[in-house]
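The following blocks contain the structures, represented as structure tokens.
The two complexes that follow have chain A in common; it is paired with chain B in the first and with chain C in the second.
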Partner chain A sequence: MTIILFDGLIYASVLAVLCVGLSLTYKITSVPNFAHTSFAILGMYMALIMSKVIGLSVYVALPVAFAASGALALFMYYGIIRILQKKKSSLISLIIATLAFDMFMIGVLNIIADGVRNTYRVNSRDFTLRSLDTVIGGDGGLPLVFIVTIVLLAGLALGLYFLLYRTSFGMSMRGAIENESLAQTLGINTRTIFCFAWFLSGGLAGMAGVLMAMWFQGDPSLAAIMLPSIFAGSIVGGFSSIYGAILGGLLVGLSEVVGTSVLIDLLGYWVIPYRPVIPFIAMIATLLVLPGGLIQLITKYQKRRKTMMRKSKEEEEGDSVGT
Partner chain B sequence: MASRNALGSSGEKPGAERHGGAPLDTAHGKTDAPATSPAAQGGNSNSNRAIEIKDLVCGYGKNQVLHGVDFSADLSKITAIVGSNGSGKSTMLKALFGLCDVKSGSIHALGRDITHVPTHSILGYGISYMAQRKNVFQDLTLRENLAVVTGLRNAEQAMDHFPELLPFLDRPAVTLSGGQRQLLAMAMVLVHKPRIMLFDEPTAALSPKNADIIIGKIKDLNAQHENCIVLVEQNVKHALRNCDKVYLLASGNVVYSGDPATLLDDKDLASKYLGMTPQ
Partner chain C sequence: MALSAELIFLGDLIAIFSIYLVVNLSLNLEFGFGGVPNFGKVLAVAAGAFVVGTIPFGVYGLMLDYGGLEPVDDNIMLVHQINAYIAENPETVFVVFAITLIVAVGVGGLLGLVSAYPAIRLRGDYLAITLLAFGEIIRIVGINYTPLVGGTLGISVPDMLSFVPNEYRFLTASFVLLAFAGVAYLLVARFTKSPVGRLLRATRDDDLALQTLGRDPVKVKFKVMMLAGMLGAVGGVMYASYVEGVVAFGYDRLNWTFLPFVMIIVGGMANNKGVLVGTFLFVVIRKLVIYYNDSLDGLLPFDIIWLDYLALGGLMILVLIFRPHGIIPERPQKAKDLEKG
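Moving on, here comes the complex of A and B:
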């Protein structure tokens, strides 16, 4: 039960971090980035290299993976997406470009994996760094990665709130996302803002990859395996909402782990290969029933509540005038 | 001197200039500059000259909208650009602000070449632009909209000229009325105290009362700060009543520039391009 809890919370938190990145770049460029998981797998291999090849603490890989995957995302935006957008390419062309970049990156990651194995005699396929993690409270205690993952997600949610709602840079970012040409006429360098957002999105994915490697098995093929889950999380939450992405990522992640566990108990171990069906069902159900995602539901509820409060306030004022 | 291009047959009138030849007008005491002067190089021979556009050809992608337009506007004056839909009025302002593709020609503002300056840098040249629509960030509150241009600390100060908006400071801009939204857009473009202000149909879709308020604000600004105001207006009577100089555009060409009263007197032009029936 404890293992399922750890599995579920770590996987869901990592998924939520990845969903935030996917939604951020989608909000900015209106392009669903199919190469987003590649940034995470690069982070995973950064963790392997830093710990098994260089011999440093695996946590040192967090900032390194942030920088490496952030730079890769920046390259993707500046070197591919932006050029295509300047040429007024269609959305289909942009999506195909992200798919092509994903395939290219899977090749690169396979080269890295083979290079590490052949050069340093380190297992680089289906590897896990769980044994390198610190366990708080001895055997059967709390693994450090559990705390770090939860702290990263909470820090991300708070940090993004502070950035977007409490700094003028964040407000410019929100403005540039809503109306790029207006932002430019007001003197905002939208190119810098978009580059920052892509770097941040890639960097977060890289960090998520490091944390994945510390609990789950890492392999280049994971890029393709995880992609439906990330898209499902973002869609369930509301594709263009950052906080919706956190909510959706957590829900889909937990459903995958806990749902599979429940199904194993009910039906047996043969259901394990069918685990990816869960995010697909969540994605299709959301698109059919609530296309705007859970955030749409929350926004509707908030609006209704505000209207009711305003009405009751007006009624109170009316009563006091009447008396 | 103002000019007529398409309807040159009516001859020259005081305060009106014939287009197609010399582009610079003398309606406000300006003279054509010699080829070697700063003005001829796109600079500013007249200390009052704020904007100088020469032979501007621009558009969007392969679609060419302006076909060799000359234009000038002065400090402490209101210059209006009028014309029918699709005549290129808004494109003229967008060209000034780097929002369309300039194919040839030059644009100078306050003596500096801004022809190929990126949009986000143009504000630094003392020019601001208020778009016709979507000129505020709808999802942001008024305070946040202002913070985008002033920084968070100075957001409230930016409302000095617009006390009527203060009660709505923490409301999302999407909840404002059309008039309030235009005032907010004005507050945002005024923050940097620009010497040149470009307004693209600021009274579009407003009630007559709100339109008068907006035009009144623009005139006040002009009177107080002596800056150059370029006003694109669909409402011709409104524009001509409030401007010092007018440009009439048709199919991407200037067909008249000069005194607004003279344009109104010209029955040919008024009926053909402004839809005004001769009385």
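Moving on, here comes the complex of A and C:
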């Protein structure tokens, strides 16, 4: 049972971090990035190289992966997406370009994997770094990666709130999202903001990849396997909402792990490979029932509460005028 | 008589070109002309191939006694037995192949219909991930549901040309496939030049204007997606019959979704001649790369297959940036009757 709990929470948190990155770049530059998982896989290989090849602690890989995947995302934005957007390419062309970049990265990541295996004689496919992790409280205790994952997600939620709502950079960032040309006329450098968003998105994905390899397995093929889950998480959350992405990612991740284990009990072990169908169902259900995602539900509720409060206030004022 | 290396190269080139031409024509129909970016093209192709992996066994099972052999478990023995039967009774092939093709076209059309549901409701980004997931799911089913096409190991299928003498068999296959592709090309070219083709482009360009003229864009999209699904399934039938086997792993995003996209975009979208050029170009390039790759093997510290991903991904991005309309761009179609006055 605890294994399912760890599996579920770590997977869901990793997915939520990835969904935040995906929604962030979608919200800011309106590009659905189909190469987002390749940033995570790069992080995985950074973790493998740092720990098994160089021999440092796996946790050193977190900042390294952040920098490497962030740089890759920045390159993708600056070298491809921005040029295409300047040429006024259609949305479909942009999607194809991100898919093409994904293909390119599949090649690069597999070359890295083969290179690591052939040069350093280190298993680089379906590898796991779980044995390198520290377990607090001895065998059967709390694995450190679990705490780090939860802390990362919580820190991300708080950090983004602080950044977006408590700093002037965050304010200009929100301005650039709402209306790019208006923000530009007010002297905001939107280019810096967009580049920052892509760097952050890629870096977060890289860190998520490191954590993924420390509990589950790392393999280049995960890029294609996880992509629908991440999109499902973001869409369930509402696609262009950061906090919706956290909620959606957690929900899809948990339902994948817990749902599969429930189905194994009910139907048998043959259901395991069909796990990718779960996020797909979650996505279809969201699109059919609640196209705006979970965040739509929440904003609706908030609006209703606001109008109710306003009404009761008006009634009070009306009473005071009457007397 | 053993075939010379050049002849094998040429025969394989013709076969692969024909198969991709059919798949690309179908993608061009829905994406180039119809404006629906089907990122799950592999769905229809894999379905066609899976039909080849099941139906011929079933139909031949009615004609001859398998003696308790199962298509998946005793695959090699059974295929051997059926091939021997085909060599003696070549006339059965036409019936069986016709049934296989009809079933495949039916399944392809049905899957096209299924893909059309999201296509008429969703915007570009949502549609893309939904269709992409469709393509992934059929692969997952194919790999994991062993009774269908043998799961991870795959399955061999009866050789529909085992009645042809051995030395001619290989080239016969290539020319049969080329004939299929030729018929598909002529049909699609006729279709897109007809008023229906104009209707299709009008749906892509401005469905509101189309509605004001009394046409229903939803109906048009349904029809074109079904047609494209059928044609895609034919491509799958051709490929599985050519390689005489179905391995679910082979029906991946790179080969049957991404590569067709690269081919038609490089050649020129909404333009059948462009598809012809793009397909030919890429099949030749890939074939040459594979041909000469053998000499590179061992020199590099990684599997050369990954260079394929690098080259295709990189090339696609460069084409999107520098030549988004392809080698032969779409030209406005002239209505002859109008010009005559």
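Everything that follows uses one rule, which is that the second predicted complex is superposed on the first by the 323 of 323 C-alpha atoms of A that agree within 3 Å, B and C clash if a C-alpha of one lies under 4 Å from a C-alpha of the other, contacts with A are read in each partner's own complex, and residues count from 1 in each chain.
Following the convention adopted for this analysis, a residue touches a chain if its C-beta (ideal position, glycine included) is under 8 Å from a C-beta of that chain, and two chains touch if they have at least 3 such contacts.
Predicted, not measured: the structure shown is a model, and the values here were computed from it.
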Inset, instruction - Sticking to the clash and touch definitions up top, decide whether chain B and chain C on chain A clash or fit. - result: fit
Inset, instruction - Could you look at A:M103 and tell me whether it touches chain B, chain C, both or neither (first, second, both, neither)? - result: second
Inset, instruction - Using the touch definition from the top, say if A:T167 reaches chain B (first), chain C (second), both or neither. - result: first
Legend entry - Partner chain(s) touched by A:E178 [first = chain B, second = chain C, both, neither]: first
Legend entry - First, second, both or neither for A:G115, with chain B first and chain C second: second
Inset, instruction - For A:S312, decide between first (touching chain B), second (touching chain C), both and neither. - result: neither
Legend entry - Partner chain(s) touched by A:K87 [first = chain B, second = chain C, both, neither]: second
Inset, instruction - Return the chain, chain B or chain C, that is in touch with more residues of chain A. - result: C
Inset, instruction - With the two complexes superposed on chain A, say which partner A:N123 touches: chain B (first), chain C (second), both, or neither. - result: neither
Legend entry - Least C-alpha distance (whole Å) that remains between chain C and chain B when both complexes are overlaid: 17
Inset, instruction - Spell out the part of chain B that touches chain A in their complex, as residue ranges. - result: 61, 97-99, 118-124, 128-129, 131, 134-140, 144-145, 147-152, 188-189, 192
Inset, instruction - Could you please specify the touching residues of chain A with respect to chain C in the complex? - result: 26, 32, 34, 80, 83-84, 87, 89, 91-93, 95-97, 99-108, 110-111, 114-115, 118-119, 224-225, 227-228, 231, 235, 239, 270, 273-274, 276-277, 280, 283-284, 287
Inset, instruction - Could you please specify the touching residues of chain A with respect to chain B in the complex? - result: 88, 166-168, 171-172, 174-175, 178-179, 181-190
Inset, instruction - Under the touch definition given earlier, write down the residues of chain C that touch chain A in their complex. - result: 37, 39, 118, 121-122, 124-126, 128-130, 132-133, 136-137, 140-141, 143-144, 253-254, 258, 261-262, 265, 301-303, 306-310, 312-314, 316-317, 320-321, 324
